[in-house]
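The data blocks that follow each hold one structure.
Each of the next two complexes has chain A plus one more chain, namely chain B in the first and chain C in the second.
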Partner chain A sequence: MSNIAAARIQREFKEVVKCDEAAKCAIKVEMVDSDCMELRGEIAGPPDTPYEGGNFILEIKIPETYPFNPPKVRFVTKIWHPNISSKTGAICLDILKDQWAAAMTLRTVLLSLQALLAAAEPDDPQDAVVAKQYKEDPQAFEDTARHWAQVYAQAPCNNPGCSAKVNQLVDMGFTETASREALSMHSWDVEKAVEYLMS
Partner chain B sequence: MGNCLRSVTSDDISLLNGGDRSPGAESLGPPPPYQEEAPVYYPSPNQRRPANQLTEEEQVRIAQRIGLIQHLPTSIYDGSKKNRECVICMSEFVYGDPIRILPCMHIYHLDCIDDWLMRSFTCPSCMEPVDAALLTSYDSTNTT
Partner chain C sequence: MASYYDEHDCEPDDSGVHRNLDLLQFARMLVENSDMLDFDLDLDFDGFTLPGERRAPPASIAVVQALPSIEISAKQVQMGKKCPVCLLEFDIHEKAKQLPCQHQFHSGCILPWLKKTNSCPVCRHELLTDDPDYEEYRKQKEKSKEKEARVESLHNSMYT
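The block that comes next holds the complex of A and B.
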């Protein structure tokens, strides 16, 4: 059973390495352990999205029952997106759950995740706070997603406003991560963020 | 039709008892000691449960599923089909491999596709649900 899994992963790994998208540096995959059951994926933030220019690392765990069950995938790079938990990196995507098909491969999974970054589905959220902001305050969502991509995924876009507010809270004695999270959750309202951090 | 139903039921029992397809395995007494794990079934693609923890309803569904799967045509790979590779195990078909043909005409290794169909009753390549197509094709083969 795990024979199929190992054989498939080796072929799929080669498929990703040789594919056009890899040549364009849009997707990448690396082996983490020698028995191919854990991999490290990487996707580039799609153009014309707040994630543009960022590099997002994924943890990919292959179950022994692969390809009958989907791989377990999680974002290691912190990301602000309605369908991805801003705390754990857990992903809500149908093909990684009940819409998985045995013909899908590492390449199609990585490309689907990249497509998810370009087209969020706020009605099927993984992170309720992010989804609410996405629907009710699109500008704050975009600023936040861009700021997170810049801080955590090395995206070049710079938003001095967000960084200044984070620094303001850091000066008050809060940690940088907690300050960023509080500000993001409260659409960069410093007063509300401080209130949240104090409670 | 009566015959048909009977064969379905006997297959159910052999598969539920270990999935090794040897008829009458249950009459041989307790399973050999090395067989520690109970067979595992997947009521839905992400749920994994040993056979002895299934509800009656799930057991019936599994039995029905096995019956339906067995109505799908099987063949031996002879190189006449367009597909050269089983997309489930991603290895090339070899002459003489037992294969199963889905209503959408996609072919797979028999063991590979049967394992998949127990989890999801759709074609892994085109996502076409097997149920509906199966009933129509079954009807038409009956009338011709």
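The block that comes next holds the complex of A and C.
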């Protein structure tokens, strides 16, 4: 890795560790390998959102050309959000693409992702199915996002309605993950989810 | 919640907030001016999704060459002033390149960035580019902003 990239990441790493948000456990970053090419980020789900109480893990890959090019960031924790792929965790956020600026840091990236969880941009979606639900059936979106946060991000108080429906499909012989995805995609309509799983 | 803009103590500029609208406008303008279609854009018109990587072109070579070099003062060093690109503190009497927005950088840090794109890494202040199509687009954007402002002031004068 180039000297400027490695040296800068080390400085930024210290900045994140001692920042106010880290003290409040809102953001966190850890080294994955010793040469700083890969880091593991963590953000807390923002309050008053379906992600509240959840803890979301991010894979952060630093390019050789950092900070002239943005870090490559992906959600490792599965999440239901219009701008994040529910399958791969890929993120659609302008600052991670063409709106990147060399003065941005790991801290600004993590805070921007947290802000994205609090304010989705459904007109610039990464996951078309989620974005459609977000616009057309906000209640189903909220239930689904909350359920995913509980199952995958350890958010408290499980939604018994969603879990019961997942179990219903599991009892029919489908895997839990496939059942959850099918139900999520079809706004928790059991009949439609089964139809989808059978096709 | 703190954001990039809070952090850098500046307002998001319109090009960031209305990026998609701007791009759509840019796309329309290109379609309307077919002689400009040689500009490498790769727009895919599959609806509303425009491709992600749409960075503004490099800063004008002449403008970059003319950027002033300033000497870092003792006061700045005392205040722990850092180069925003490498995040290293400046040394006393060290030379820095200054952009028109007054932001200062090591020349080895800012020059590679301006070869990539025309805006200040801190506040996104845009420098002139050597790309006539982009400059034309910028002019159009400026015009439509003025038009919006005129409509707004007309609206205000009618309803106040």
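As a convention for this text, the second predicted complex is superposed on the first by the 198 of 199 C-alpha atoms of A that agree within 3 Å, B and C clash if a C-alpha of one lies under 4 Å from a C-alpha of the other, contacts with A are read in each partner's own complex, and residues count from 1 in each chain.
Just so we're on the same page, a residue touches a chain if its C-beta (ideal position, glycine included) is under 8 Å from a C-beta of that chain, and two chains touch if they have at least 3 such contacts.
Please read all numbers here as calculations on a predicted model, not as lab measurements.
On the superposed chain A, the positions of chain B and chain C overlap enough to count as a clash.
In the superposed model, A:A115 makes contact with chain C only, not with chain B. Once the two complexes are overlaid on the shared chain, A:I95 sits against chain C while remaining clear of chain B. Of the two partners chain B and chain C, more residues of chain A are touched by C.
In the overlay built on the shared chain, the residue A:A7 is in contact with chain B and with chain C.
Contacts of A:P46 after superposition on the shared chain: chain C is touched, whereas chain B is not.
By the document's definition of touching, both partners, chain B and chain C, reach A:A103.
Comparing the two interfaces of chain A, the one with chain B and the one with chain C have residues 4, 7-8, 11-12, 67-68, 97-98, 101-103 in common. On the side of chain B, the complex with chain A involves touching residues 42, 44-46, 48, 87-91, 112, 115-116, 119-120, 122, 124-125, 127.
Residues 4, 7-8, 11-12, 15, 21, 46, 67-68, 92, 94-95, 97-99, 101-105, 107-108, 111-112, 114-115, 118, 123-124 of chain A are the ones that touch chain C when the two sit in their complex.
Note for the complex: chain A touches chain B at residues 4, 7-8, 11-12, 65, 67-70, 97-98, 100-103.
Within the complex formed with chain A, the chain C residues making contact are 1-4, 7-8, 16, 19-20, 48-49, 52-55, 84-88, 109, 112-113, 116, 119-122, 124.
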